[in-house]
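Chain naming follows the written order as A, B and C, and within any one chain the residues start at number 1.
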Amino acid sequence: MELLSALSLGELALSFSRVPLFPVFDLSYFIVSILYLKYEPGAVELSRRHPVASWLCAMLHCFGSYILADLLLGEPLIDYFSNNSSVLLASAVWYLIFFCPLDLFYKCVCFLPVKLIFVAMKEVVRVRKIAVGIHHAHHHYHHGWFVMIATGWVKGSGVALMSHAEQLLRGVWKPETNEVLHMSFPTKASLYGAVLFTLQQTRWLPVSKASLIFVFTLFMVSCKVFLTATHSHSSPFDVLEGYMCPVLFGAGWGGEQHHHDNHGGSPAAGPGLQHPVLPAKAREELGEGARKKKTKKAD
Amino acid sequence: MELLSALSLGELALSFSRVPLFPVFDLSYFIVSILYLKYEPGAVELSRRHPVASWLCAMLHCFGSYILADLLLGEPLIDYFSNNSSVLLASAVWYLIFFCPLDLFYKCVCFLPVKLIFVAMKEVVRVRKIAVGIHHAHHHYHHGWFVMIATGWVKGSGVALMSHAEQLLRGVWKPETNEVLHMSFPTKASLYGAVLFTLQQTRWLPVSKASLIFVFTLFMVSCKVFLTATHSHSSPFDVLEGYMCPVLFGAGWGGEQHHHDNHGGSPAAGPGLQHPVLPAKAREELGEGARKKKTKKAD
Amino acid sequence: MELLSALSLGELALSFSRVPLFPVFDLSYFIVSILYLKYEPGAVELSRRHPVASWLCAMLHCFGSYILADLLLGEPLIDYFSNNSSVLLASAVWYLIFFCPLDLFYKCVCFLPVKLIFVAMKEVVRVRKIAVGIHHAHHHYHHGWFVMIATGWVKGSGVALMSHAEQLLRGVWKPETNEVLHMSFPTKASLYGAVLFTLQQTRWLPVSKASLIFVFTLFMVSCKVFLTATHSHSSPFDVLEGYMCPVLFGAGWGGEQHHHDNHGGSPAAGPGLQHPVLPAKAREELGEGARKKKTKKAD
């Protein structure tokens, strides 16, 4: 790594870390974020019937990370909304994605090669946000590792960590799951990234910030583009977690992801760990279902 | 408008904008707010069995707008509760409305002519709150239009925008709807008012603040008194929105209100827009119901 | 009380109020708090399958009071997490309670005599937190009685007042009840304690703070140890509230507690007060049940 920063790669990393995000990269971030909003069931109806709620949801998707970080650090929740140009840009994207005649804009940005470019650029923004968030938290709490990690995590994960609030705004309520229970790849990667950037910030990781941003961005972009292109929901951390979690916690949180993907196969999880945390009633039904299955197998 | 401020009407507006709100207008605000709390199903039982929860709900009804604005602007949530006299006044109103012997106080303030006076005075407070909120936000964010509009909106709408929290405190949970999805007249008017006052504050609307307060108060008072007197839930914005929304968003948010009022008639809404955003299950049932109806019609 | 502070008891109180809480008392606080988390149904499964969510829940149990107080007073929510040593200590306790081989640690701290010592030490921390919270609020709002009481209350009650958020993190959702509707003994005692300490802080209660801390700690420790030892959920305030509430509010909030403990017996509550505030559906069912019972009685 020392070597890397000595080479011309180091200079590349430095100049990469100085590329301004506004407006091109931010635009990509807004497009991909609001695309994911449009994928939500009922989102199109919502935009037709309740444009104000739909616009607020779009703003949460675009600026959720700032809102959460401001909440954690005791700053005005609405602080980022003073950037009129960003908000106007996000609003324009929202309008084009939901109300463009013939759905032209949506069809263009959904075209896979185009979408992959935007997805890649979104990850550039995400990594930069994590780095900036941790720098900001470090400014307030010089030795507050947990504060830095938390700030970096919410800056990277964004609306995912406030999905209950976002759903509630749309009149949807799914209390039995949340992003902390079932982490998606970006949320998990943001957490690991926040740990890395915190180590860098506190000088435990002997690399320059620019290099770390460069390497971590490369990692995120390649992973996310691959996952998006293959419509996969697995995660490159599964292998690592498969080794670590049984040692540390008796059973794995990575393992859970496997479970979702290939329901039938793996009898790896020990007994008593089969049911995720559901409300009592749902769990009973599930339990009953399992019992019936076992009875059938016995037959 | 320039003319208006030149005339003696301008002076009237100025002196009107300087009338102190405490205690008479604030008292009316508290009375009407806590009246609406008492109208909620279960509120009387709650006050008997859980006076602390009932009192907290009453405080949210009276001071919800301050709490929300403080949250947005990063100030202590509890800031306004340092006004002991206001809190004591609101508490006294709460006690009288819920626990007065023979329900005398409640019967008096519910008597329609008396109630209309209080309702009118509440609107005076609401408009002043919007103006003050936007002035306050402008002080922090000179060019933050969105911040100003949001602050004015929550200052005008108050507890309506935090109804989920208020309901939860009473043990009630209705996630399928909220004030942003189904805006009541005061919430909608607060939003439009916030836009107007923001335009005035940023000098885009060439009128004095006093005149705008005066005119907007007149509008709000006459509308709200009319709506309360006729027990109507329609809104004077419906006509305007009926024209604007189909152009801007394909279908209207004002139209939704109509829907609620006269269920049967209007086939105006296009296909696919018939079901509001409900939780999946409810929507399925609704869908089934609709299918059955169609089958019947086919018969 | 003046006498008390003149005697050597006063000096005892003073030196008691100066005993540092970290690490021994804080450790007890963490142990008992996380024990209560482990008692929650599904908490062990959660720790195996979703260690991050379980750890976050544990942190809410340990530091909920700080988070809530920071929220009320407009300080960074995450402020207390800059105390790395406290967070690390709490994390270690969480790990030992949930993942210690053979559940040794859990079995040790659950052994009743040991647990009673920890419970007693937790109450020492609770009372100190109330006192510190009110002192802090007084620093910001010199005459803000309501602010002081609220801050003291949330500092004493901790995670109980944010149970909805904590449950949601675990994927559990019980909107029909909350800690304000059904106050447990510590929550109620914290409220009364906050009132007492506020009176002391504003010089309405002519005792020294050290004496009040000493006396209130004695009261809390003896009550909580007795209640824990006898597995009782009743409250020493029931008698007082049984007298006060019917006078003040027509019916009592203390009475409600009785109701839960001995369902059958007491016909003390008046008619119309029988159903707690439940969601409409549950209430209907309850109503039906009651009707059936009446029919049976009529038979």
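The rule we apply is simple: a residue touches a chain if its C-beta (ideal position, glycine included) is under 8 Å from a C-beta of that chain, and two chains touch if they have at least 3 such contacts.
Quantities reported herein were computed from a predicted structural model and do not represent experimental measurements.
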{"item": "Fitted rotation between chain A and its twin chain B in degrees, CA, nearest 5", "value": "120"}
{"item": "Chain copies touching (chain B, chain C) - same or different residues, decided at half shared", "value": "different"}
{"item": "Interchain centroid distance [CA atoms averaged], chain B/chain C, Å", "value": "35"}
{"item": "Residues of chain A touching at least two other chains", "value": "74"}
{"item": "Touching residues on chain A, where the partner in the complex is chain C", "value": "71-74, 140-141, 143-147, 150-151, 164, 175-178, 180-181, 183, 191, 245, 248-251, 253, 255-256, 272-273, 275-280, 283"}
{"item": "Contacting residues of chain C [partner chain A, same complex]", "value": "41-42, 45-53, 56, 70, 74-79, 81-82, 84, 87, 99, 168-173"}
